[in-house]
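Here's the structure, in structure tokens; my notes come after.
Chain naming follows the written order as A, B, C and D, and within any one chain the residues start at number 1.
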């Protein structure tokens, strides 16, 4: 499982600000299950509640009641092993000269370590392990001499990498997206109130209207004087570099993201994939839920039956007791279970969105073989992930990426499949509308924002990719 | 939503009895979300833990640690409004002459009220509102003079209606299914230990082998002397009357139930449905998840594209805070959300498994119309539900069943659809293997086990069905 | 620590019935810390909430909100090792012929086992290990033919031993105390509403007026027709046999119990004790809190300084993590800690209410010796406990009672004290007002209500007492 | 109720560091009930757990298990209305250049606002409302150029006011007490491990040996090289100014504080008080528990009977449901309840440690009058509190201090008492051993460390004191 990105939410001037933030986060729960938090602004005073776990577990009626005010921002954080800690939950809140400032962040700063060192040399203290706190320090320092809007611009001019922020400072709500536009951010409207969310599925739940994407490099500001769409300072790249994995896997299929229809893109990926390589099988089958949409497209293009023969357990996601020792591969098996009668003696084509480490795929194929599958073919609706992401996607380290370590025939052998095909980069770009505006670094190592660690890894990658 | 039936589990002579019961219930969580409970037997002493809520919420490592012993039974209970109460959670446990007896029940006794009155006249006290407690009293009374096995037979001979029981008495585990076999009960094996479950998906999670169905009228017994398959006393019906709604909706599609493949049956229902009535549309779309399997069969038979364009929220099922007043039809909308781009201007055929009250369907069709659907056609993979169930399915009262109240054209009008077709009873029976062994009372009012209340309702039903 | 008895509460026709029951139990928390429960009656329907733990932990605003109605009874249960279980929490609630009946019990039935066997032979099922459930069965059986009042009389006529009950049946609140009056029960009034409690300290907290004691053998009834003071049927003993340990230890010192002032009785016990045996010491010191009141009386009579030099930790009583291995005798030490400066080089007279096993006393004396006490004298404000109680006090088994096992000089040696004196039975009776109405069985083995097990133990006791 | 001060704990190089910190805080729970926290150091990495509530509620076995390491500090925080917030819980933890630094603070900095403004001008961000965070910033800034020990000295040289800190930096544990020594800090030993605590009662529970007080101006350091007792830099006052209210009320009577025996001091205050003014009454009675110790001394000096006739409820302190409207003065009454029989017709002398607002005293005297007390005399074992404290004691504002607002005869009238006497400052100093080393500012307005706000209040105080 690839770690999801984070989800952001913001709303200005609505009587139910906290409650709407709750549902706005709830609809974006797939973007982060580790922690959730909301800050509201009420008469110049900020109120915060955050905690570890899913949105419904972190918030209750009483915790919402303790979040008065008409302006709110919220955050859900993804879960990665090792870094999980209550003090990393967002939004972050700081006091500065009698004022409160809060912000929530989605992304990854390439120069966070350098900035952190510089700030520490000036005596700054850090209370979290988040990159976001670096920005908070830069912002507060800039605010000593500048207006909140100028301070955000000044602070952003120091950042390299991927970032979307929602910020409350004074009585102003700000939303900002980096010039490359790595991560999505959308503007909607509920009555007269502007609403900000990472994904439009949040607007659907609130019955807010989707208006438009916050553009790369845009600084959207709303205060008592109205709404303003400004630009960050500095030079901008010619083309954005949006994260195409949002379309492949992260975003909910009912969302609009980067001005694309996620569902349609995924179906197209399946269609292109079938066009590139259709095996001779009895039927097409997804691993739900991520594989469902490309599988539907694949089956339509290939004119082969679509079967929904892996059953997803709806109650997964809660904390568990430990399985017994006899329950091998429990974590994999508990999520989806094959329909035995559909497997025995069948030639099956599995469609899924990606392979990362390959271990889950290996276990599932093995199970299908045990149940009597005659042939198992794998079709993946994205190119092989061979390079690390430096802009916020938490792929495993290169050494664990099966496609970075192994040639295609080795992978087939490891997975014990009869054939394997990944969608080509070309096929992927053909599946989307704005094919020249995406970051493909995890597929081809082409990093638009370089960093020391990138370079080292890239060199190493070349070595292993050509071996 | 129709109330699910309950789920049972039993295991004999396994070191991890409580933990396996936990996972056996977890896999059957779809059969009951209101409460969960486990009783274990350890050196003649029983230990019980039960509570309101989902299995992972009711049990923790520490509550499992307090359930020692090698024999266990478990129960998940469905949720219906009004009757929800901690004291109705199962298993039930009683003390009698220094011994503990416990049992878990799936079903509904037609003569529970009569038996209860009779028992109360003899001074019996009831501490729950469960029918199951009636059986517990009968069982204990019979045990004054008889062996546990004979006592179960004697007590069952008093019962009319639907029942599956798993029972621990002394050091014996018993499982019994009523002569009509209304509800499913299966026997599996984990190592040398026999395992009992309502559905075989529990065996898959435990990696137990499915052996066979417990037969209608069978009394399966396991104790230190081995396993015994006995028969209940009394005359048996010529044919079982198994609940066909298990195949239509209740059971998990990866389970075997009544010696049928649930997934295959559901796909066949869709296939038969397409054969009976295929509209001229752009694509077929299910309401996930229950509609997915007939929709897949329908699309294959009709040779029309299958689209998965209603997106299910995976995190539903947890307790919620209240939505705001602006969030109309929240409860319906939060579960599944349409992919807007797939709806606008399209002629759509929705496939779903059943319509009960019609309110959910109405709201969803309305939403599709709002999003620009040109035509909306509904195909239902089961016949209209016109009669109440007296054997354990918690349909709404007749007055709320849309098909019992309205003619077909009225329903279409209410739902605001372009066409509507329900699968015929014939088509339904053609979709299963053992077509002469099912109860169809909810469709045709033919009750194999009569009762006063049935008769009255049936009369009334005739009236409304012929009007 | 001797296990406290239980605490009862009842209130009729008050708008805040559940809330007042909560505080009525809270004020009587010292009578039972294991579990707490309240049942209310609202329009013929009963509502129950009970759980393990202290009153404030069992109940919340939301659980009180789920207890509507103007009539309520409540119960706090004492804690003993081994029998602690949620299913033993009270009140008990039963359904019988469409009605609910509930009751709460303080006491111990000497013939419970015989009655239980008889009932089981008639087919009765027990769901708890409480004696109280035996009475519930008898009551329900009697109610088949009799009015609630007559049924209570009939059921009570079968009981031997100690009991106070508060009962709700139909719309009637009943309170009953056994003819020997072993345990206290008091009638108070809040506005026009009658209030029942085990101890009058509950009335003080509610600001209810204390009216009188419910008399031994009295059946107090309140329903729509008014209040009635009736008598149980059968012959009554000439004198009550009230539990004198209520005055020695159990009851709160600010309560009236058995028409006695608890505080005054305890001070008198100390006074009599000093009269019987005053050592030559520097000061008198209690083990708080139970020893404080006799110590105050002792110091006044002996004209010696009273010092409060053992400091009680106010936060004890909550659940703990385990101490480290180096923290010896943690359980004893954490409760009270000596003031070092007051101990070194001093001759000290400790006054406490009783010694049961002697282990706690031993540890405390040892600690005082370690801190440099020159002499340690012990004075106990009750006679030696040598016999088990069969009427509801949970003394340890005879084999663990230090005074049943050892002669006075042995006890002194074991405790390592310079002198030891127990109050004489005569002195004890001189400390109370109604000296001819108390049960002294635990001191002298004179059981007014005999039972098989009593006789056996008594014989054994004679043996050991004369050795 | 006066707000307690905070409690500190530290331990170095012990296998059970976190568990001992738990019990060290538990024993000092009376110093702070709002929040509790522990930080441990394990192989250079710090682990923190803190939360709102009492120690046993904040920590569980599992949260302790997540606190590995052999060095630990802990903190309990007092509760004041308005400022209660999870983010103010201590210890505070910061990251700086790859290292963690943590600290816990007891005290109040007089120049916190100035320092904060200065730091904010340099860009510092604050995440709490604690003074302690100011020190954390100063410390981190100093650490850029200096060793941890020198950095603590440099940072302390900027502070004015009252402070005790325990700090972990690198592998070093540091404990520091300000040159005036306002608050107590003690050094103990458990095996070879040094232990730090605000009060020695923590050592008693751990069975650690008390060694000595950390001296005013001392910087105690322990690291791999051993233990070092250093001095803070700068000039020191000639005499310490220790908070005499620790002896009057805050500290537990079984503690040594400021090289004084708390129990003995309090008894002496009662003795002096009796010497100054003994009324003609039937007996002396404390308001438990704070009044018990001076009352014991008073009764001994006055040769009058001591009665313990106000009964304390042991279960107070937990969260409550709301009382009913009929339960007037519930908050006062629930804590202690008078023994009615001892009050009626009696002339009573109440001894208590202090009067702050006077409202509690007023309610209690009224209750005694209602119960029939013939005369009520009040004796207070400390002088009238007329001035605010700037060094950490949270007295109410001057406008609420009854002694700052009213002349003695007005107070008597308000309280409705027959006589009233406060211990003189002279009498107070005669009750302690080191009479020239205490801060008396709250009694006489003599502030050794001046500040703007002090001066203003002092002026105002003079006005009201002389009117």
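The rule is simple: a residue touches a chain if its C-beta (ideal position, glycine included) is under 8 Å from a C-beta of that chain, and two chains touch if they have at least 3 such contacts.
Predicted model, so just to flag it, every value in this text is computed and none were measured.
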What's the overlap between the neighbours of chain C and those of chain D? none
Could you please state the distance in Å, as a whole number, between where the Cα atoms of chain B are centred and where those of chain D are centred? 62
Separation of mean Cα positions, chain C and chain B [Å, integer]: 49
What's the distance between the Cα centroids of chain A and chain C, rounded to whole Å? 62
Quick check on chain A: which residues sit in contact with 2+ other chains? none
Examine which chains touch each other and state the graph shape they make (line, ring, star, complete, other). ring
Looking at the complex, which residues from chain C come into contact with chain D? 16, 19-20, 22-23, 26-27, 29-30, 54-57, 59-61, 64, 190-191, 201, 204-207, 252-254, 256, 261, 263-264, 289, 292-293, 296, 299-300, 305-309, 311-315, 317-324, 326-328, 333-334, 337-342
Quick one: in the complex, what on chain A touches chain D? 48, 87, 93-97, 117, 120-129, 136-137, 140-141, 144
